[in-house]
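Scrolling down, you'll hit the structures one after another.
Two complexes follow with chain A in common, the first pairing it with chain B and the second with chain C.
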Partner chain A sequence: MTTDIHTVAADEVVPAAPVAPAGTARARPLRLAIVAGLIAFLLFGLPPLLDSYWMLVVTGAAIYSMVALGLGLLIGRVGMVSLCQVVLAAVGAWVALRLSYATSLPFPVLVLCAGFVTAAIGTLIGLPALRLSGLYLALITLMAAGAITIVLRAVLFPNGGGGFFGNSAAGGASSRMPRPSLAQTDAAYFRYCVVVAILMFLLAAWHVRRKPGRAWAAIRHSQATAISAGVNTVLYKLWAFALASFMAGVAGGLLAASAGGVSVQQFPVETSVTLLAVVLMGGVYSLWGAVVAAFLLRILPALLDDWGVSTELLTILFGIGVLQVLMTAPGGLADQVPKDLAKLGRRIGRVFSRREAAA
Partner chain B sequence: MPGLDDLKPFLVLGLALGGVFAMNGVGLVVLYRATGVLNLAYGAIATTGALISWSLLGGVNQWIAYAACVAFGGAVTLAYGLVFGPPFAARDPLVKATATIGLLLILLGVMLWVWPPSTTRTYILPTRLHYYEIADVRVNWTQILGMIFPVVVTAGTAVFLRVTKVGTAMRALADDREITAMLGVPVRRVEAAAWLGSGIVCGISGVLLGDLVGLDIVGVTFLIIPALAAALIGRLHSLWVTLAAGFVIGIVQSCLTAFTRVHIGARPLADYRTITPFVLAIVALLFFARRRPLVRT
Partner chain C sequence: MIEVEDLTVRFGGVVPIDAMTLELAAGTCGLIGPNGAGKTTFFNVLSGFVRPSTGRVRAFGEDLLAIPDFKRPRWGLRRTFQTEQAIAELSVFDNVLLVHEHTGGDRATRRGEVLKAVSFTGLSDVAHRLVGGLGAAQRRLVEVARAVVGRPRLILFDEPGAGLPDEETVRLGELIRQIPEETGALVVLVDHDMSLVSACCATTAVLDFGRLIAAGPTAEVLRNPHVVRAYLGTEEEV
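Coming up: the complex of A and B.
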């Protein structure tokens, strides 16, 4: 495997970032309080405020935060770009639906199975490009996205028909999986998705802070150095790809049971491209980036629709956002907004202190 | 299984479509070799150009309308290269390719905004009206152009890279940008030439695609995928392999349309035809990765 050293320089999509989030001892309780407050609001404060349409929107956002999280990890931690993340979520939905019609497994098991099968498929896609440069991986995933979309459009989601593909014309265009007994209502299902998303974020945080995170950082900075330091680069790159695919698969399983169910038209190739844009805009070095990305991808279009603004403007904005992030703001919104707010706060503070001095 | 006679019309369609894939693939490879940028917005630029032609067709002379598409391709690509080429010049190819996704999204948003997909748009090039009967198959001039143009473009580019001064400079750039600059080659001007050239090829393919496959915005934008597959099979380096790969992808994909009786699961094989580029690219990549890496660093 000596040739591996020559294959890739660190494919940094955005310049170097801190390996672990730098949290000072003083800031940590504050941060924990913010996270706890946000979670409490999502679980208990938000659901009563929303009607069924907005419930569907925020449930979608909670689910897509996992899809974005996986891609953010790949880009920010390992320096690999995948363009098939959304399509892998569709694969997860397919697997979950297929198993749900074929077996009577409990809901969490179905979702987990969807995650694992998707992880296996994602790994298979990444495998041929693994020894090549990051550009080739991105291209292969783009083509895989196109191919899987075509297969899905041909076989459709299972809706109770016979055979392996389990689709019959009588079943209607969209398929929906039965929800778990403890989350039958829309509000309860939203809470369920939020809890699963929290678990995924914890999984991501664990990976980033532990051995895989250190290995990924080594690979991102220099593959040659990582190899010479004894890092199994093939294993950890595959692991990252499998983890991202797993998250997409779990998200897909959850999507299959959301209100309205899933149809193949929901997962066009361009969504994978848009997802890449919002993940970059959200910020790939912070787990918060995934939350911002989900907001940009699911909630903002619904808001604009509500205000009567064309959502195509958003696509243009995302395009500009990608260029801006890659050129000047590698940390994305998750990094930029707190900094800018702090700067603004200092400026306001200075104005007030000047006034006091004048008085 | 369909017989040869059933396949003939699809062969013609495939040659024409494959030709456009090949042309786009060659355009991608030339730009990539000179600047290190894999322009993923290629399909989006071609589609926007074709839509502009469509809008102009009602008002102005049709040749001006089609020229506008070519001019748009050249202008947008050149403008992108001038503005975003230098800031990304020293970055990884992956970053450069990702940045073109920004351009793709901007153009996609503009297209969906200005030309909402609710109405179907088509135009017929005057070349489609003239046709020959070759072995009982009708071949029109748009299709002939689709087959001949890519070969001309490839041959022209190959000669250009070999004999002209700018071509030599481009090959030097492909090797090492810093050293080329140190030798006194006006790097930015040479890069601009590469951007402009690939943009014009892109505009021409836009004109042809509008006639060959129609103006479905998202569909044509993502016709970049087969072109990319061709470029990948050519290892993002060889013009002639890319050309051949483009034709093969087009022909295989088109001929699969005839396989309506062979089934995979409940569906005929024909429904899966657009997977062709992916499968061929994967096979090629596996073959390349078998022994040695593709990319020097």
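Coming up: the complex of A and C.
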């Protein structure tokens, strides 16, 4: 009789979006300049400063920013949760490796194929999202992550052995895909990953600003609002899952060619939960949140390690961080830090102007 | 013209709409009745959120109930909700654009039509502000703009004046009254505010316990003793 329209309420897992005033005209060139400066630094300034260990760390961060970006879109824009994004990156790595041993396709094609196959699998996992939300969707996706992990453990990553799955005992536990000829060195490969990440951020920004972004905003507001605006909610929800999974799959494909290669053990299910925590801390309403999330997920542990602090501490820190975000700063660090900096700047400015007035 | 024939909705033992037969001709039609009379349920049937157990709804000759819910806006159905549903994270312009682009509006004339709907509701000054930063009255107007954009054929307003101060309600009423002429759509207005209904609607239908108890010119209907009794909830003097 009644459809479940009224039971599909707003997602209780997601904090309420902060409503910021629209950006002023002057802020836009400034923002563009900051982005351009950051990209230039990442591409040319950073690589000479780092040794091979840190090169591996920052490459991992660049790659994981894409996984975080996809999850941030799902949570912040559509109001859906997925706890299988890291495992989907493992699927991407598996597909890319499999194809690289079986075919002689060029590197970008392998990575794209990894993205598309992962998108298809992610869309299948997203099917329950048409009926469920919040805790139950989180649970279903977590179970899916567990199931995929079991399958991947059973079939292992191909490492150059014979047969379809191509695993040989002599090949070692981890597998590495050959890199593209223009990115053979670690520094060049880091640049390659940064460029792919930039493309993914542009793809995300395009989606958010165009028709899909508006449809997602309606869906996040409420199912009834979306339907009465003519939004095909089935299509746009699955599209969001496909996009987030595509990003995870592309990231996985890139991970397969990073230094050290990949192993099945590298994608434990709980990392998806940690990813959710850092994505919330980074901020789900801004694409910058994904950059912060990648820093928290990959660079912060390496820094702590470097300083001799146990990385176990992070679980506690992330817990406190998520609590803080849910209670006081729904926009996460990407929203809060610029606001706090601006406030600090105003305070300092006021102190100086007072001194001048006194003098 | 909307023809509702023998419409019945059952939720288990509750019958919010009971064998309702109703014709809505053109212009702005009022739909009133005490709480629980079935007004919102009727809107939910038209929107596709509630499936009736029996009955038919023909809208301009088409079987409305046969169209899937999300395609009805494309057909020309628009509605607002009792609790205002403007999307806070989008600008006023984007809120209206959302409806235009998802209801098959022509891409070439999109910007102009969206701006026209925005200016019709008097929101041009705040067109690029986020809806979250607007007041209650302006958010209600965003919903009106979303309702008139594109090619609406049937617009359902569910208590559009709820929670608004009187002078804002008067302005809203003036706006709603212009909609049929402006867009050619048939407007159905549900509200408890009789002055708003009298101001906007030439004809009014009255529901009570899911049944149609009166219909006709608004002034006549409001004088009808059955209607007065339904609203005051009393029968004869004791």
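The working rule: the second predicted complex is superposed on the first by the 341 of 359 C-alpha atoms of A that agree within 3 Å, B and C clash if a C-alpha of one lies under 4 Å from a C-alpha of the other, contacts with A are read in each partner's own complex, and residues count from 1 in each chain.
By our rule, a residue touches a chain if its C-beta (ideal position, glycine included) is under 8 Å from a C-beta of that chain, and two chains touch if they have at least 3 such contacts.
Fair warning: this is a prediction, and the values are worked out from it, not measured in the lab.
By the touch criterion stated above, A:Met143 is placed in contact with chain B alone, chain C being left untouched.
Of the two partner chains placed around the shared chain by superposition, chain C is the only one that A:Arg214 touches, whereas chain B remains out of contact. In the superposed model, A:Leu323 makes contact with chain B only, not with chain C. The partner that reaches more residues of chain A, of the two candidates chain B and chain C, is B. Of the two partner chains placed around the shared chain by superposition, chain C is the only one that A:Thr225 touches, whereas chain B remains out of contact.
Counting contacts as defined above, chain A residues 3, 6 meet chain B in one complex and chain C in the other. Residues of chain B that touch chain A in their complex: 38, 40, 84, 87-88, 91-95, 97-99, 101-110, 112-113, 218, 221-222, 225, 228-229, 232, 265-267, 271-272, 274-275, 277-279, 281-282, 285-286, 288-289, 292-297.
Across the complex, chain A meets chain B through its residues 3-4, 6-14, 79, 81, 128-129, 131-136, 138-140, 142-144, 146-147, 150-151, 153-155, 163-165, 167, 268-270, 273-274, 276-277, 280, 310, 312-323, 326-327. Only residues 1-3, 5-6, 17, 19-22, 211, 214-215, 217-218, 220-222, 224-233, 285 of chain A touch chain C when the two sit together in their complex. On the side of chain C, the complex with chain A involves touching residues 9-11, 47-51, 53, 69-74, 77-79, 81, 85, 87-91, 94, 97-99, 101-104, 128-130, 132-133, 146.
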